[in-house]
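Next, two complexes with subunit A in common: one pairs it with subunit B, the other with subunit C.
Now for the complex of A and B:
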């Protein structure tokens, strides 16, 4: 049974076919929305190309069209980005993780949902859908990237990561079932990844169609696609990619993003992770203004993703709102794992989706969660 | 003993430039048309150098050349080797097999899918095996490849840190396929990032014969002229490697052209840290130099449609050159370029009675340009009345705009707020502002900069690097750096450097993200001398 049969079964007649160009646009848009994290898109893209080249079809369905009772799950990569660039996956990893999850649940998985917007995990959900012969649903769990498994709108709306199945390339399988304790699920999943050799492939957040509608960031894929398409078009037609990106957000989401700074990286202060810092690369970047921002200084903190922006000491953006540093000419995002001294870019700020801004959301991934003694203030107010 | 002479050639698309050097002194220069086989043009230039200088060939201590011969072979899919491809990484990595994303014609030139094998093996980052190396599978594949391949490319997961499976696989290949089949191991080619390193390795294996032929015929030609000096080839960072080493690593020459120009500028000016601004007719390249070498780019480099992670210089190209058109309305400057009249300057520029205002004309009107340009046969100005008729305000505004454009490009490449020296080279160096450039302490335009590329090849320095991964919770940082440095020194010596001249240029530390602990990658770059 293929994805089209599943859709026919649901009585869905309208869906979008994802081809090579589409996945490129979606992945670029997702990398921009990944706020400096999400990893190198190359491997996810090549994997998806291979799936398409094998004649497998990838289709995306509107969340409004899915039945309430279906079972879905999110396939994703969890681990060290650098290890992934050196050790691409075995073809079977996602299949294995999803099959094991199905067996644990006792029900078949009928669609995939991307966990986040990121260079790796966005295309991976599509490649997995193609491999499994199921549709991708036009949603995700954040419409950005975050460093930890539990930082999703799913959790803040009462859906849990457990059970999560974590596998490696050799076929080792770990089932994590921590009930409602999503932080523990993250902790165990991270340790499994470490024990495997730095990278794991997970099938996580099993949920029903009803849960998808009630707790996801709806149309997250369409948003990423529109952003990617706008930036690609800007490149082709020599338009300002930043301007086109902001316009696409206004069209697709009805929100206004902000051009906050333009500068070059003059200092990177990395701090190594440890138990006390939760095992992530933390640090701070200083940018010196160029062009109309000459004489101004921007400071950004990062925990794999950009967290917080201050311009001349004044707070301009706090999590969960989005920060992207983009190459001013190409719109290509500058990621925290590849940034270097001298990199030049424009900082764009984007309001987080309203489902990420609930009280529970601010508690789970707002400024205080990341160690700032600051109340969350929406980016619109900081840049009004 | 008198200082040994050095001969260097820069083989460009059209011309082959040659220089004969003693120390920093240029004794003779020559220009010849580049020939298809590379060697012909070099020999013509060499004979001219020897003839015009009258030096004794025996006094020549080093012959070197920069060429993009191998790049051209890849781009044109010409004379490529058939390559047997091994990846050591199964059961991991199979989702993306070798040659994924390659152009179809280049894939075909490599020999086809039956020569591609993903073998069980490779390492985890911490040194464990992904799987024990499947030696039998390698042997079987080799037996089937017999007579069908000229070279073999072997890429193992995490080999830049743990090369043992690549080395063992090479032994097996050697045993079965013999000495005449060349073997390229990926850990000698590039760094972490499997797919790009594998691409680089396969491309390297595909141009070994091309490089070997060029080197052999050159050696022969040099010997016939009584020169007993060793032959060197310029690599991507602008340093050189011995010709025999280059035969094994031809991929290291793909970006040698611009790198040699930068190095020539450094050498002629004596400035080791600053910016090099290479101004041509239609564009300007800006490079940042650190300890005499162009800073490396961290972006993937596409060669012949294939993504690689070969280390190349970080160059910023902007559309500004002597022929760049100044768009204006009355006295108001609307824009600079990006269009250029290029070599039609002498037909289209105001200085020559043409209709268009160019950067060249602005320089003439400013009184900055007062001598003939090497690249053109005519004088720099044939119609002074056209220049005199230009409104003063327009000229001043255009001049200021050109200066802005240069300052912006220089600033983009700088990594420090402090002013740094700038070296202006290239045919357009005379037609741009040099005074009062923001962020620059001084502007130098050394003599002989028109053969800077050829001079750059004669700098008898070898660059090399090595890298490794450490866990700072278990290992001492200094010890780890020392270990990587030792490997880098070995690599430099293998490329032809004298051991006790090798020094460390920089140490880079990159932490692993998304992993608890204190693991990081260490990368050490070194340089050493070819001659004592």
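Now for the complex of A and C:
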């Protein structure tokens, strides 16, 4: 039985077939929305290409079309992106995690849902869907990337990460079942990743179709796809990729993004070594303005993702709103795990999805959660 | 169905009924063999008394009498004994761990096996057996206590800790399945305990009856019982408890123990705070000799258990051989988690069981494993 049979079973006749070009566009868009985190798109892409090259089909379904009672889950990588770059996955690891989750649940997984927009975790959900012969649903749990397992619209809408299965590439398995305690699930999953050597592959957030519709960021894949397409077109047609990106967001999500800065990286302070920093890419970056921003300074903190932007000491963006640093010519995102002194880029700010901006969302992944003594102020107010 | 029905099913007609007096003697003996670790016997005893007071029966069976194909497992506490003293268990936690292990295995657990000789983990295996209505088998995995999950005769004889279920008293569950990688199982189980707040309750070492016979320390419970009885009798009859203990060991195990020192604790250096010390009671103790040892100095390192004894700088006992510091009047063990400046005691050394002294055993829990640049020399040679 393949993904098309499952869709036929559900009475769904419309779906999108994801080919190499599509997954490339989706992954580019997702890595832009990943706000500096989400890992190396090459890793996720190569894996997805391999699945397609083996003749497996990948299809995406509209969340409005899925039955309420189906069982779905999210396949993902959890750990420090920096480690992942040195230790790319074997193709069996996510399959093992998904199979072990099915066994623990006593139910088969009938579709995958990406956990976030990220260079790794977006395509991984497609690759896993292709491997398992199930569809991908056009949703995710963030419409951005975030460093911790519990930082999802799923949790803010009452759906939990447990049970989560965490595996490594040697076939080791950890099943984490903490009921409604998603912070403890994150804590255990992070420790398992560290015990494995820095990186783990998880099958997480098992939920029903009803939960998907009630708690996900709906059409998150379409948004990433539109963003990726816009930037690709800009490259082909020599248009301003930042401009095309902002237009695509307005068209697809109805939200306005902001250009906040243009500059080059003049200082990077990475934090290593302490227990809290293990399992994350952590630190701070200073950018010196160029062109119309000459004489100004931008300062960004990061924990896998960009967290907070200050321009000339003034706060311009706070979590969960999105910060992307993009190459001004290509629109390619500059990532926290690989950025270097001298990199140049334009900082773009994007309002978080409304399902991430609930009171519970601000509590779980707003500024105070990340240690800032600041109330959350929406990015459109900070840049109005 | 109760433990007696299970035994009848196996065609076993001989077994020992464990009452309050028996469990008290076994636990005293086990806490002496626990070499300074193993936790507070009061915690394990109170739990076992409660099970008996509820009218549940606890019976112990000879390992020679169990069928080869039965499924057994070890219920235990894993974490820092110091935390346990502050956070005694709810009675449901071990049951939850055992039930979750049964579900993961897809087979019921038909008997319990204590993991070690310890004030907590010995009686816990009896309490769990009583709760579950299954017998305890007269074996364990160490015939002493040791700080880490993989430090068992089971591992040295090819039986593995996976799958291990780790739970906390709020009902959180972690299933650890690392195949033959017992060091990683320990690493994951230790991290789970830390995530839970320092203490976890585990169901571990699922194995068959055949494995029990081939890899356990056979009659470990009888040895602990004999030691406990001897010391109790010494107290009642005002005999030297150390003398009675050594005689009981010679009788029950056919091994000779040694009096190595008598003194009082004059310095305790505990290590806290670093990641490696979390989840353990770690440090070093200095004792000043009294009576015939006046003018001499003993130095002991500990990691939950006493690891290494040096008298006047000369090594006198190395792991896996046993070091006990016992109150000279009562035979009560002095534990690493509660010892204080000024405590007085006699140091007794006991050869480890031969199933712990294999080449693989010395590799897994000999001096070099604990960071000593020393080859293992049996305690009888060091004190010959």
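Throughout what follows, the second predicted complex is superposed on the first by the 376 of 384 C-alpha atoms of A that agree within 3 Å, B and C clash if a C-alpha of one lies under 4 Å from a C-alpha of the other, contacts with A are read in each partner's own complex, and residues count from 1 in each chain.
Note that in this section contacts are C-beta pairs under 8 Å (C-beta built on N, C-alpha and C of every residue); 3 or more make two chains touch, one makes a residue touch a chain.
Predicted model, so just to flag it, every value in this text is computed and none were measured.
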First (subunit B), second (subunit C), both or neither touched by A:175: second
Which of subunit B and subunit C A:340 touches, first, second, both or neither: first
Contacts of A:188 with subunit B and subunit C, given as first, second, both or neither: second
Comparison of subunit B and subunit C by subunit A residues contacted: B
First (subunit B), second (subunit C), both or neither touched by A:247: neither
Which superposed partner A:304 touches (first subunit B, second subunit C, both, neither): first
Common interface residues of subunit A - those touching subunit B in one complex and subunit C in the other: 170-171, 194, 275
Touch list for subunit A against partner subunit B, complex: 42-43, 46-47, 49-50, 78-83, 85-93, 127, 147, 169-171, 190, 193-194, 197-198, 264, 266, 270, 272-275, 278-281, 288, 290, 304, 336-338, 340-342, 344
Subunit C to subunit A touching residues, read off their complex: 100, 104, 170-179, 181, 184, 187-188, 191-192, 194-196, 275
Residues on subunit B engaged by subunit A in the complex (per definition of touch): 89-97, 100-101, 122, 124-126, 128, 130-131, 157-158, 192-195, 288, 298, 307, 411-417, 472, 510-518, 520-521
